[in-house]
Every structure is written in C-alpha cells, then in structure tokens.
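Report on the structure given below.
First chain written, first letter: the chains are A, B, C, D, E, F, G and H, and each begins at residue 1.
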Amino acid sequence: MANKKIGIVIGSDSDLITMKEAVQILREFEVDCDVHVISAHRSPEIVHTFAVEAEKKYEVVIAAAGGAAHLAGVIASLTPIPVIGVPIQTSGLGGLDSLLSTVQMPAGIPVATLGIGKSGAVNAALLAVQIISTSEPKLRQKFVQYKKKLADEVVKKDKAVQAELGSL
Amino acid sequence: MANKKIGIVIGSDSDLITMKEAVQILREFEVDCDVHVISAHRSPEIVHTFAVEAEKKYEVVIAAAGGAAHLAGVIASLTPIPVIGVPIQTSGLGGLDSLLSTVQMPAGIPVATLGIGKSGAVNAALLAVQIISTSEPKLRQKFVQYKKKLADEVVKKDKAVQAELGSL
Amino acid sequence: MANKKIGIVIGSDSDLITMKEAVQILREFEVDCDVHVISAHRSPEIVHTFAVEAEKKYEVVIAAAGGAAHLAGVIASLTPIPVIGVPIQTSGLGGLDSLLSTVQMPAGIPVATLGIGKSGAVNAALLAVQIISTSEPKLRQKFVQYKKKLADEVVKKDKAVQAELGSL
Amino acid sequence: MANKKIGIVIGSDSDLITMKEAVQILREFEVDCDVHVISAHRSPEIVHTFAVEAEKKYEVVIAAAGGAAHLAGVIASLTPIPVIGVPIQTSGLGGLDSLLSTVQMPAGIPVATLGIGKSGAVNAALLAVQIISTSEPKLRQKFVQYKKKLADEVVKKDKAVQAELGSL
Amino acid sequence: MANKKIGIVIGSDSDLITMKEAVQILREFEVDCDVHVISAHRSPEIVHTFAVEAEKKYEVVIAAAGGAAHLAGVIASLTPIPVIGVPIQTSGLGGLDSLLSTVQMPAGIPVATLGIGKSGAVNAALLAVQIISTSEPKLRQKFVQYKKKLADEVVKKDKAVQAELGSL
Amino acid sequence: MANKKIGIVIGSDSDLITMKEAVQILREFEVDCDVHVISAHRSPEIVHTFAVEAEKKYEVVIAAAGGAAHLAGVIASLTPIPVIGVPIQTSGLGGLDSLLSTVQMPAGIPVATLGIGKSGAVNAALLAVQIISTSEPKLRQKFVQYKKKLADEVVKKDKAVQAELGSL
Amino acid sequence: MANKKIGIVIGSDSDLITMKEAVQILREFEVDCDVHVISAHRSPEIVHTFAVEAEKKYEVVIAAAGGAAHLAGVIASLTPIPVIGVPIQTSGLGGLDSLLSTVQMPAGIPVATLGIGKSGAVNAALLAVQIISTSEPKLRQKFVQYKKKLADEVVKKDKAVQAELGSL
Amino acid sequence: MANKKIGIVIGSDSDLITMKEAVQILREFEVDCDVHVISAHRSPEIVHTFAVEAEKKYEVVIAAAGGAAHLAGVIASLTPIPVIGVPIQTSGLGGLDSLLSTVQMPAGIPVATLGIGKSGAVNAALLAVQIISTSEPKLRQKFVQYKKKLADEVVKKDKAVQAELGSL
C-alpha cells in the first residue's frame, strides 16, 4: 500500500492530541499518511492548494476541526476524492457546533462524518482503511483481523470484569 | 453613497426569499448592493474569486447560508473587509446548525453574525448601514431617523392593540 | 461498473421518500444498486444475514433510519465494507436523535454519516460513488463532471436571481 | 428468588463504574445477577447469542451503553423478555446522545429507559426488582420496605440540614 | 389474563390521540386496561388516590404527559408497581421537555420511559405486556408471535418497495 | 415581617450548597424562612402534607430540585400560595433537564421559575421578597436599597477594572 | 381589587395572540389590567419610562417577548415590583431562545419565568393573581375556587374519555 | 487613529478574563479603547447613559455578557453606532444561553455577534478594527498584515507538528 496515502489535516495544532489516534491506527495498518496543520480560515490559500492537489497525492483526506468546522467541507468542495470529517470536542458546546458544521453539508458535496473527538479520530482512520480496502484485498483481510481483535478484547475485558465483581 | 456598495451572497437561490428583506432595507437607505448566488461548496472557485476581489468592489459583504453554513467564513478568510453572516432557518434543526456554523469562528477570522432567518436578514442590512455610517454622517442621520420610525411604529401598534382589546 | 453494486437499506418504507434521492443519483452515475426495507429492530435476523453477506454483494452499504437509528451501526458491526449512514428527519426532534444515534459510534466501528434528510441521501450516494471511484478512474471522471455541473447550475441560478431582482 | 436472574450487560468495561450501582441494589434485594461486557458493535455475534439465549437465563436484561448506544435496542430486537436501558454519560454531549439512542426506539420494540448515569443505573435495578415483584409478593414487600427506607433517609437528611443551618 | 389489568393515565384529554395506540395494542393482546384522565397538577388529590390504590387494581401503570411531565413520576413515588412513562410531543420543544421530565428521575424511583409520541405509546403497551409475560407464558407466546408478525410485515414492505422501484 | 415566612424546600441535601444563597438573602432582608429536605419522589407523603399545610405557615414557597425536577410543580398543585422554582445544575445536561421540568408547567398551575443554579437561588429569595413587598412598604424600601447597592457594587468593580487595566 | 392593577407588556403586536389568554384570566378574576406594546429594542425610551413608573401604577408587570427576549429583564432592572416573563414560541428554535433569554437572569434581578407560549401566558396571569392574593384574602378564595374548577374539569374530561373509549 | 475609540463593556468583572483578549488585540492594532463594567440589569441607568452618549465617544461598542445576556441588545437599542456582542461561556449551558440571548435580536436592532468565549472576544476586537478600517486605509493595511501573520503561524505550527510526529 506504499502508493496509497491518506492526507490528514487539522485546523489547529491543538487538534493533534485527538488526531494522533488516527495516525496510530493508520500506522498499525501500515497505511502511509501525512499530517498537516492547515486552517480553512487562517491559511485559506494553503488549504486551497492542498485541496486542489489532494487527488494527486492522496486516496482519501481526513479533516479535523472544531467550532465552525469548515475544513472538511472546504476541501470536499475542491477535490473529487472522499473527504472524512472529524468534529473536535469544544469547551462550550461539547462539540455539537463542530458536528453540525461538519455533517450538515448541502446536497452535492459529501463529508463522511464520524463521531466527536477521539472515537471519531480512530474511526476516521478505519473508514479510510475500509475505503482503500475496496480495491486492496490484503488490507481488507487486515481489517477483518482488526475486527476480530476488537471482539477478542471485549471477551478479555468481560473476564476482567468477572474477576473484579467476584472479588467484591 | 454611490461608491459604497454592499455585496450580498446567498448559498442557494432558495435563500433569496429570506434575503430580499435585506435588499429592501438597503434600497430604503439608498445604499447600492449586488446579490449573487455563489456556493462555498458547489462553486468554490467562484467564491474564491469573489472573496479575493471583494475589497475592490464592496465596503461590506453579507453572506447567507443554511446547514453547514460555511459561506460567510470562507469569504471572511480571504478578505480584510467586514463580513456579515445570516444563518438561514432549516427544516430539521430550525437553523441551530446554520447559526453555530456561522458564529463559532476561530480566533482571527470574525464573522459578524445576526439572528436566524428574516430578522437576521433585515439586521444584516442595517449593520452594513451602520458600518458605512461610521464615515458617512448623512447615512448615520438616516439611520437615526429609521430608529425613530421603528419607535413610532411601536406606538401605533400599541394604539391598535388598545382599540382591539377595548372592543373585546 | 456492472459488478460494483451499492446496497441501500431503509429501516422503514416511509424512509423511501428520502432515499429515492440516493437511488436517482446512483442511476445518474450508472452505478447499480439494490434497495431493501430491513429493520434493525423489527427484523434483526434479516439484518444479520444481510450484513454478514454484504461483502459478497456490495462495495458499500448505505443505511437510512430515524429515531434510535441503529441500522447503519448494526450492519457496520458485521461487515468489513464501508457503511454510510443517513439520519432520517423526525417529527419531534427534527432528526437530532437520528443523527446522534448514527454518528456517535464507538472507536472501532465507523459509520460514515451524512446530513439529516434528503441532502444526506444525495450525499450518501455521492460518497458511495467517490469510494468506488478510488479504483475506477472513469467513475472519478464522471464525478468531476458532476461537480462541474453543480458549479454551472449555481451560475445559472445566479443569472435567474439577477433577472428577478432587476425586475423588482 | 434464586431462579429469577437479571442479566446486566455493558458496552464497555468503563461503564462498570456506573453499573456497580445496579449490582449493589440487586444484591441488597438478594436478586441474582450476571454482569457481562459485550459490545453491540465490537462483538456483535456474542451480543446476538446473548440476546437469543437471554430468555432461557434471565427474567430481565439491563443494558448500559454510551454514545450511539445500540446495545439495549439490539438485544430487545432478539428477545421477548423486558429490556431496560441505561444511557451512560458522555464527555462531549453529556449523555444526550446515549439517551436519545436508547429511548427513541421504533414502535414494536420497547426499551424501558432510565435516566443518564448512576441514577439511571440504580433505577434500572429497581425497575428489574419491580418487574419480578409482579409475581413475587415477598420481593414486592421488600420493595415497599425499600421505599420506606428512602423516605426515612430524607427525614434524617432534613434533620441534618436543620442542625447545619441552625449553627450558621 | 382477566385479572391482570393495566392502568393507563393521561395528563390531558388531548393526549388520548397518542395513547389510543397503546389501548389498541393491549386489546390486540387481550390485556384488560382502564384509561383515565388525571392531572398531576390540576387534580393532584385524584392522582394521589389513584396512585395509592393502583397496586390493588393494576399490574402496571402507564402514564403519558407533556411539557413538565410529572404524572409518571408522581405515581411512581406512591406505588410499588412498575410505572411506564410516555413523553407527549410538544409544539415548542418537540417533546424534549416531556422526555427529560419523565426520564431523569432521581435514584430510588424508576419510571420506565419510552420514546416521544405514538411510537412510545405503542411501546409502553408492549412493555406492559412483556412485564406481565414474565409470569404468563401464554402471553409471552403471543408476544413472540407479535414479534414474528413485525418481521413479516417488514418483508412485505420490502416486496412493495421492490415493486415500486422496479416500475420507476 | 416576623409573621411573613418563606418555606424553602430542597429535593436533596446536596442542593443545600445552592440554596444557602437564598437563605443568606432572606436573612439579609430579615425575612424569616424554614429550609426542609423533602423529596417529591422519595418522600411524597411528606411533600403532600407540606404542600397542603403551606398556606397556613408561609407566604411563599421556594422549591429547588434537579433532573426530573417535580418538587415545585407538585407543591404548586396543592397550594394556592405562590410557588417559586429553582432548577439545580446537573452533571450530564447542565440543568436543562431541571429547567424544562420546572418551567414547562401546564396552564392552570404556575411555577415562577428562576435561572439554573446559584443565580437562580439568589433570585428566588429576591422574588419572594418582592412578593411580600407588594403589601409591606418597608420591605419594598429595603429592596430599593438593595438594588441601589447592586448598582454601587458595579461602579466599584468598574473602578477596580480600571486600576487593573491601567497597570497592565 | 379596583386599585390593584397588572401591567401587561408585549414586545410585538403579534404576541397579542398569546397574551390574550392572560387578559382573559385576569378578567375572569376581575383583576384590572393594561396591555401595551412596547419594545425593549425598538422603543427603549418608552420601556424605560414604563419601567420607572410601573411601581406607581401596577402591583405586578407581565412581559412577553420572543427571540432575544429582553423585555422582562429590562423592566425588572428598573422597578422593585415583581416582573413575570412569558417566553413567546419562535419558528426556528421553538422558543428555547425566548426561554433562556428570559429565565437566565444574573443574581440580583429576578424575572419570574413561566412556560413557553399560551400555557405560560395563562400561568403568568395566575401567578399575578397569586401574588396579589398574598394580601387579598378574597382573591385567594377565588383562586382556590379556580383550582377546584380545574380539578372538576379534569373529572369531566375523564368521563368524556370513558364514553369515547367505550364506544370504540 | 487616536480619535477613533472602541468602548468595551462587560456585564460582570468576571468577564474581564475573557475580554482581556479583545483589549490585547486592540492595543496590538494601536486602536484606543475603554473597558467598563456596567450591567444591563444591576446598573441600568448607567448603561442607559453609556448607550445614549456612546456615539459621542466611540466608533463601535463591544458588549460581553453571559446568561440572559441583554447588554449588547440594550445598548444597540439606544445608539446608532455598530454594537458587537460577545457571548460569555456559562457553567450550566456552556454559553448557549448567552449566544441565543445576544444573537436572536428582533428585526430593526442588529447586534453583530461573535462566537462564545475567548475566540469571540478576539474576533470582536478584530471586527471593530475591520469596521474602522472601512475609512482608515492604514488600519486596513495593518489588518492585512495581521491576516498574513496568522497564516504564517499556521505554517510554523505545521512544521512543529511534522517534527513532533517524525520523532514518534
């Protein structure tokens, strides 16, 4: 998958804490990725260039932003490749603002939106993996393994809970 | 005020019903305006050009959009002139999505946001008038007259209510 | 693209009004699709079978549901292929319930969520097209054309608005 | 009541902090219970098996989950026994997402939903006790005692408040 | 089941439109029920008497109310039998007020809450059936049949949708 | 004002932290008050007795509760004297649940509702003072003095801010 | 009660539909009232004069407004008499904006807030009656009668429901 | 710009923490400003005087307040100059109350509203700068420089992120 790359962009460097979760997942799947801080509002020309050139470099773009979170939508307007949005949790409204700004796109320009915060970041990476997997059977297989591992972990946690409750 | 012009942009032609209220106010104040349908998401290059050239043509831009309403923010990112945002009412969430997408801008890029729907449209036009009035004493005077007229109308409505209640 | 098929599922036949928008988009792109009414809650075994077999039949699944909208999440839990969720508008809470039930998935199981209602339905189909396009250059080209058409329509609407406002 | 058992399931081991409150209540009433970590999304096959077999083992199932909280609904779809849902509090939206995902079930598949968090956990256990009590007069009697004790505690707290305020 | 009766109470006669759905379900299951208009706020003494005597007459109480919906909670505070709450949809806030007033009960006094409006009414009746079924195997069997019928109806609706889409 | 007394009731002793603000205001105005912990749900008979006898003891009742906050409404249903409601802040939904449960009363049974938390507690006491003042000119005078003091404090705070900003 | 008068003010003449409910209640109780259209924002000087002089004319002021509903708060800031707020339902946000703008007053300046819309209007009038009743035993008696009538009406409605359900 | 001054007002001295961000921005742009603590509710006469005289002293007023945030609207009702509103974050509702109270102004009286909290404070100052810039080309130039600096900072942060991720 060396030539299939994911472009991750964050609207602020403070969003990196959340999006490291996505980077880690992609590394786990050995899917290459770039992470860039670009702001739809503070560095619009850089975002414009990024978006227009995204198709040449990336299979999928993941964009994370908070508040009036326009980053994913702006990129989606300028590229034909799939754009995934991660709404960052905010202190005032808990991320409801980020979520609605990301997901409520007008007909014509989809942003594939995941949940608020770290769960959303993990899932953005997994969705990118799923998308690439539609034409990469080996990656699909890895993803199937990943799902099995998730189920196994639940079983392990169940055993730990039995132990904990038994000893109460 | 022939050379002081307001640029009004709407994300969809269906937003015109709301924004005609703004056009009417500007005509009442004899402030020139353009209205254009440009979409941050469907016609991003046109929005880009509009925003970059806005300073040459307009004193102020008013942008109205609904849902993940990015139009005002995208323009604000590309022009130094004041950008006013009008959140359009939506059928599902009543315009809460439009409001949060417009107002919750990151530090650095203000969008002067008004209320949801027609009241917001009227007020966007009035705010544009107020902004131009900071250097146009005659327009300021007109605005003062407008405020007086508003107060007078309230008095008239009060009389009508007295009549209506008296006859019950 | 004859062998690349999209599976559309709706939780209730009343959701068909919304999802016909998606069917129309897929037909426009000549991407084959099935539409099935299956309910995560009323016909769980059918959903289970559908989800387990989805990988054999479909590239992508689009699931639309309202209220406690579990359909997309349940399918996503049982298939490695990308699952796209469309929250249906509801009469009481406007679709906020559908949106949160669809998008707030736990880490590990992504549902690519679009906006509430018909815009979301259109965008779900377009996202499916984008995903298939990652390995189908001709479909990518069609999508690029589609985006151009969207921009052209905005320009036409702009002209119509000029005409309408000029005649006021 | 040795042969009347409650099955408690949690979507994540982190939900145990909340649901220990329910376990404690059931132990207080000497109603037997199991607690299992099973995830509607991460271990769907285990959930499926659990739900299909629930009728054989349990009188009632209590399911707690957060975010897009599908666990209670998924189980309810596969068993005829009463299913009680506890929405777990979430960091972003405070549990509004968990609540709506749990309670807004379609006609046909009830989930008896309690409040967000620990109060909901306590009440889920008490509701299970009430349900069993419909055919166990001795348990009903215990429940009546429990209610009396609650009222007595309020009286004690009232006295403590009098003391505290008197000494100010 | 002649001697197992459900007490349905509504806070206002306008709530009957919603709660007829519940009555119909109970008649379908041949479970006897009373329906009474009693208001926690307008006729509190009648509610008090109803609640104190409920245990003698009913297996379960279903209480539906809108706005500051206290009816279910007030009854639950005065009876040891299970109390089921149905939040009525409201014109201003869509029933969010009714839902939160019904579900967010303090620890100690559970109200088994269903969804807003007619779906909630249907499910309240079904939950009552499920509760009685814990000690009535024949009713349990009927409920299992009901669930099968629901699944069959989904299959029929699926066929209707195939027909409709095929003819487009 | 020795014979004009305010009855303050709280649904839980944890609400005392909030309601001490009200006690302090009433002491400042030398208006006598009782504080009692009584729970609409856990000690309904005590609440019933309290409410029925309230008219004999109190001019006004202030009731504070959180979550499904029924205390004020239940008392209002049983007494003709004014009932003031204070919604307590909650950890999950911030007090939106308490507010809606308190304020959205049906036509016929008013609860005079103040803001969420400590501001609401202070204002509940002041509203009680205002109500008594309608027939106690001396208390009215004290209230006028209180309002002047508030304004003076704002002026002092303004000076402190000038000092702080000057030294930056 | 000829010399005890209630001042009702509405922010817009369109609010009269809602507030006629209040007028009717006051006439039923033979409590005199004025209704005036005055706008906190459009006719602030008139509001200022009204508020400053309110104490001389009225026992209580009822203020109804929608959106950023400041009318009640502005009057409360300028008078020592009790001010009651009625949040008007709005088309976009259902009146949540009106409610929060009315109820969330800072410590020091209470606004006694009732529910959104017509129920709130009825209750505002009843609260005014309750407040005057604190020093008018005859009005108190009338109010007690009114509460009895409410309870009687519930009983009548209950009978009507029995008839309706019996004939199904 | 010595004679072009901004008036900043805060409803409470605790709002200064938020609004220092605005002061700092204005000092950076060498735009003179005053900061005053004045409360729409606690010191209404001072607010009245401030608002009536604002036109003589200031080009623009920035008003920050929390909860039922009326300060900006009250001032806007009494002055023809532009009024900018900053909703302060609140502990219960996160600032949704402040936002709706500030932005949902009736047609006729605009308040240019920015985001909740510190981002809103920064943007309020920048909007004031933009407004003055409409007639001060040098300030416009500074603002253009400021926007460039913002973009440069994003580039720097991007480099820092590259470094951080490279070393993981």
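Basically, contacts are C-beta pairs under 8 Å (C-beta built on N, C-alpha and C of every residue); 3 or more make two chains touch, one makes a residue touch a chain.
The shown structure was predicted, so the numbers you read here are calculated from the model rather than taken from an experiment.
**Student:** Show which chains lie in contact with chain C and also with chain D.
**Tutor:** A, E
**Student:** Looking only at C-beta pairs that count as contacts, which pair of chains has more of them, F-H or G-H?
**Tutor:** G-H
**Student:** Matching residue numbers in more than half of the contact pairs is the bar here; say which of A-D, C-D or A-B clears it relative to B-C.
**Tutor:** Checked against B-C: the matching pair is A-D.
**Student:** Please compute the C-alpha centroid of chain A, do the same for chain F, then give the distance between them in whole Å.
**Tutor:** 47
**Student:** Determine the centre-to-centre distance between chain C and chain E, using the mean Cα coordinates as centres, and give it in whole Å.
**Tutor:** 34
**Student:** Mind checking the centre-to-centre distance between chain E and chain F? Centres are C-alpha means, answer in whole Å.
**Tutor:** That gives a centre separation of 35 Å.
**Student:** Hey, how far is the Cα centre of chain D from the one of chain E, in Å?
**Tutor:** Between these chains, centre-to-centre, one finds 19 Å.
**Student:** By the touch rule stated above, which residues of chain D touch at least two different other chains?
**Tutor:** Within chain D, residues 12, 39, 42, 45, 67-68, 93-94, 96, 103-106, 108-109, 111, 115-116, 119, 147, 150 contact more than one other chain.
**Student:** Can you tell me which positions in chain F touch chain G when the two form their complex?
**Tutor:** 21, 59-60, 80-82, 84, 99, 103-116, 118-119, 122-124, 126-127, 130-135, 140, 143-144, 147, 150
**Student:** Name, in rising order, each residue of chain G that touches chain E in their complex.
**Tutor:** Residues of chain G touching chain E: 89, 94-96, 115-117, 119, 147, 150-151, 153-155, 157-158, 160-162, 164-165, 168.
**Student:** Applying the document's contact rule, which stretches of chain H touch chain F when the two form their complex?
**Tutor:** 10, 12-13, 16, 23, 35-39, 42-43, 45-46, 67-68, 91-94
**Student:** Which residues, counting only chain B, touch chain A once they are in their complex?
**Tutor:** Counting only chain B, the residues touching chain A are 11-12, 39-42, 44-45, 48, 66-68, 70, 73-74, 76-78, 90, 93, 96-97, 100-106, 108-109, 111.
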